[in-house]
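Here's the structure, in structure tokens; my notes come after.
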Amino acid sequence: MALEFEQPILELEARIRELREYAEEKDVDLSDEIGLLQQKLERLQKETFANLSRWQRVQLARAPGRPTTLDIVENVFEDFIELHGDRAFADDPAVVAGLARFRGSSVVVVGHQKGKTTKENIHRNFGMPHPEGYRKAMRMMDLADRFGFPFVSLIDTPGAYPGVSAEERGQAWVIAQSIQRMGRLKVPAVAVILGEGGSGGALAIGVGNRVLIMENAWYSVISPESCAAILWRDAAQAEAAAEALKLTAHDLRELGVVDRIVPEPGGGAHRHPERAMQALAEALAEELEALEPLGPEELVEDRYRRFRRMGAVRIE
Amino acid sequence: MALEFEQPILELEARIRELREYAEEKDVDLSDEIGLLQQKLERLQKETFANLSRWQRVQLARAPGRPTTLDIVENVFEDFIELHGDRAFADDPAVVAGLARFRGSSVVVVGHQKGKTTKENIHRNFGMPHPEGYRKAMRMMDLADRFGFPFVSLIDTPGAYPGVSAEERGQAWVIAQSIQRMGRLKVPAVAVILGEGGSGGALAIGVGNRVLIMENAWYSVISPESCAAILWRDAAQAEAAAEALKLTAHDLRELGVVDRIVPEPGGGAHRHPERAMQALAEALAEELEALEPLGPEELVEDRYRRFRRMGAVRIE
Amino acid sequence: MALDRLFRRRRTRGGGRDVPELWLKCPACEAQIYKKDLEANLMVCPECGHHFRLGVEERVRLLLDEGTFEVTTGRVQPEDPLRFEDTEPYRERLARYREKTGRPDAIYGGTGAVEGVPTLLLAMDYAFAGGSMGSVVGEEIARGAEQAAAEGRALVIVAASGGARMQEAALSLMQMAKTTMALDRLWERRLPYVSILTDPTTGGVTASFAALADVILAEPGALIGFAGPRVIKQTIRQDLPEGFQRSEFLLQHGMLDQVVPRERLRSTLAQVLRLLHPEGAKTRGA
Amino acid sequence: MALDRLFRRRRTRGGGRDVPELWLKCPACEAQIYKKDLEANLMVCPECGHHFRLGVEERVRLLLDEGTFEVTTGRVQPEDPLRFEDTEPYRERLARYREKTGRPDAIYGGTGAVEGVPTLLLAMDYAFAGGSMGSVVGEEIARGAEQAAAEGRALVIVAASGGARMQEAALSLMQMAKTTMALDRLWERRLPYVSILTDPTTGGVTASFAALADVILAEPGALIGFAGPRVIKQTIRQDLPEGFQRSEFLLQHGMLDQVVPRERLRSTLAQVLRLLHPEGAKTRGA
């Protein structure tokens, strides 16, 4: 299950664990040896994670064990109650939505949801929503506006589902509508890219006044694999595509696409989800507090200005 | 095709026609005889239509040849352009919607649509909408509000379609939403019951500031046949049920459910659709003009007050 | 509230004449259930979880904080605007139902609190003319929404209805618009409205206020829909799919927020109201 | 406008060197068509009605009143913010397309009138990088919406696009939000926006401004969707249904207002704009 570049770290960790057990069992003092290995481990981890390639980050972003929307609503928020359905066609398990309390106040939360097992993943359609999922999200935006609650979206999808049923029910239409609806929110909106930020399926709930990204998440117009398949005509060139797409948190911060990077603990969020979620909670609290003074019209205008700036052009 | 109580009138008309042809052919003067028969015809028609039973009116309301939504958008309005689809699932041919010009100004029009032939009726589902039809209607309400155009609805349905597919896609939900949406219109809304006003399927587009009804139309919570089947346990008692339900234009005017009766020409709208449509055009023009001075909030409040009054209760 | 208190009043009243009804057969699993056990279990079959219908007084006691309830319904009385008569005059039917239920029409409720959240709770009474909505039900709901808005209360409506009341014809139909539009008084004040759908909720009630809540909860296995199953069967001339128009089916089709077993209904409702009601939504300062 | 004028300019320019292209084969009915006949017929196959792609200059001439057009696009130039390189550097691709089309990016248009209604018309150029939307397309559309709002014009956008431009990655994606949000400037002023979908309109263009118009028209037989047919085929590992993702399919599925043959496109657009634009909507006083 471990990623290739994680192997040396995991092996070192295993050796430290063994030594500890041995020392305890035999009642000998190996603290010097263990201390040295610990230092070595920390160095290795730092080095590995300081020099991650973009493709390695993509792998981290997909690593099982990373905090998902359901983890976050249970751990970062309180009193979460899930609300189901789009009131039109179906409930989409690839999108989780509901009400919760955050630092004492009610908020509306919507997020993509992948499964942690194959069975769950099939149920959740690997986090790829159908149109119903986005309609559920829009219903939540209505709810946030109706009650004046901040809106928090959690993004983690390879993309909106590219299937016949989704096309029949207007996948493009509903993504466009969701972008528009979120842009019009009269309440503070913060979007967080948790893991994968795959194209329009991610952006549909990504129109925040602030857009945050976990340190090892990615966000782009297309996945590296699909990009490679189209531009290189070879999906195996995904690594090159990942480099070219500049899809990491740091790239996006530089491009002005995201406002803030939520740091992940050493080894990545999948190895220490609680610490990752704590960092997220703090960032979220700060951003929501910063938005509090803005009135409804100011929030809409702020969001417009934020996205109006995006892009790189030269005016002749 | 003629209704039973129309037979004597139709026979007399046929005789007059024959006499005319005979007189012309043989070049003889039968004007006295024809004049007498004409007088008799007028008397008979007046008598018949002055004493129509409620059940006879129900039959008239269903008579083929009455002006339908498509007739009205072509004849009462100008420049009609049909707009299709609910932008979510399907286009419902049982509901026709679009933009048009009325007395020089743009309006949004929505109406139920029955077919004139069996084939057309199958295509139009006998004027019984699926949820998509009501979503299309709501989209038109959005359009009316967006541009500040008056909203005109034309009601002619036995009811919303009672089938599995309609239930699956939330028939009750969408009717409720349409009632709510129409209540919130910030533009003048006039509803006209053209023929059949069957229950929630009719009311869904019936929340007008003014509700007009064609003289021989009916409007009730249930069709006479269904009512008879439930209360009398015998659908053949439809005539008795029609009487009990007090579902005619005059009954409804008395109950305060409708504001205005649009008179139909002698013999009913199905025999002289152009004249019926002309009367409708005049009534519509007057009602829209009367609503013109009201502002957006006043229109919402006016609609609320109108429906808030409805009902018969006693406060102890 | 201790669950065994829920039916205290009825047990006290009923006295010793209940003997022939001591045992009931569950229509779902056919188990023979001792009536007191059923009542102690909130009228939920202990064997299979089948939810029996719950009376409106029991419903109020189930959902509201002890000692907070004050009835507001009952002053609005039905009329017979159409002088309707089928196999029996409408007036006589009304009198019969009044006799049977002790109430003037198919709705009961009032003000109270749900875990402290000020609430106006209305419950439709299926025992009165199948919970059908005529002018009285419509008027009580409109008044309830207006009062809740004026007093800063959440509105909670427990639906149980065969639909609109035929004997008031077009006037019943108009209640769909009246109740729906009255809900907007809550919108203006940002007060929550929660709808609880119980067995059965169909016709004009589903197609108006019941479907328009901020949060829609339903009891398990409840029949919920627009057209009744018999009508649909006649229309399509086919058997209906298993579970069709039941709560779980509606949840899958996106119409409900949650299906909540009766034992968790009160706590779920309280959680929703605390999150949505202005008094609960911002506790930062508290 | 006389239809045979539409291609006048091109014919004049092309001169005598067009000889090898005098005949074309219709991809739908395989008929051999004389090129001049095709052009005179608005690039619609005279045999089967198949709509060939129409160039952006021809599109402008087709839709705007003669002599009213003033180009507004062209000042916004592309950058290479990611220094993107696949099998070819993005800069070189851009230069090639500029060479080929004579335009800096995949959009062309400006101000004009449609049967008198003041309009800002933008047409996406499929010949430039498959009409893909990068920063320039997004910026031109945002500017177009803002200018239309400021000047009281209707906005008309003719879409033709394979989707977002991969070589600008996340910045392309952001154009979906930027263009969508810019449309709200028209809302505030009650100015109409009409979207015309032509073959093909997919990906991020469909899933943003193209799907959000007051009225959505499409040309017959155009491929319209979110995911491309190849991607979908890979996903479901089945053949796609006949007519899937074509205009007529989308009309049936409720996504379009009308499918309009090219010969009626101008008159239909004019009718919609006259009904929606403030200058046409109230003629009572006129």
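Note that the chains take the letters A, B, C and D in the order they are written out, and that residue 1 is the start of every chain.
Definition applied: contacts are C-beta pairs under 8 Å (C-beta built on N, C-alpha and C of every residue); 3 or more make two chains touch, one makes a residue touch a chain.
Labels paired with UniProt names: A, B = Acetyl-coenzyme A carboxylase carboxyl transferase subunit alpha; C, D = Acetyl-coenzyme A carboxylase carboxyl transferase subunit beta.
Just so it is clear, the model here is predicted, and its values are computed rather than measured.
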{"item": "Chains touching both chain A and chain D", "value": "B"}
{"item": "Pair joined by more contacting C-beta pairs (B-C or A-C)", "value": "B-C"}
{"item": "Chain B and chain C: spacing of chain centres that average the CA atoms, whole Å", "value": "34"}
{"item": "CA centroid of chain C to CA centroid of chain D, Å", "value": "54"}
{"item": "CA centroid of chain A to CA centroid of chain C, Å", "value": "41"}
{"item": "In chain B, residues with contacts to at least two other chains", "value": "87-89, 135, 169-170, 173, 177"}
{"item": "Chain C residues counted as touching two or more neighbouring chains", "value": "211, 253-255"}
{"item": "Touching pairs - complete list by chain label", "value": "A-B, A-C, A-D, B-C, B-D"}
{"item": "Residues of chain D defined as touching chain B within the complex", "value": "187, 190, 192, 211, 214-215, 251-258, 268, 271-272, 274-276, 280-284, 286"}
{"item": "Interface residues, chain B side, partner chain A - complex", "value": "87-89, 131, 135, 169-170, 173-174, 177"}
{"item": "In the complex with chain A, residue positions of chain D that touch it", "value": "74-82, 84-87, 134-136, 138-139, 142, 164-166, 168-178, 180-184, 202-204, 206-212, 224-227, 231-232, 235-236, 238, 240-241, 244-245, 253-255"}
{"item": "Partner chain C, residues of chain B touching it in the complex", "value": "160-164, 166-173, 175-177, 179-180, 183-184, 199-200, 203-204, 206-207, 219-222, 226-227, 230-232, 240-241, 244-247, 251-252, 255, 257, 303-304, 307-308, 310-316"}
{"item": "Residue ranges of chain B touching chain D (in the complex, touch as defined)", "value": "79, 81-92, 99-101, 103-106, 132, 135-136, 143, 146-149"}
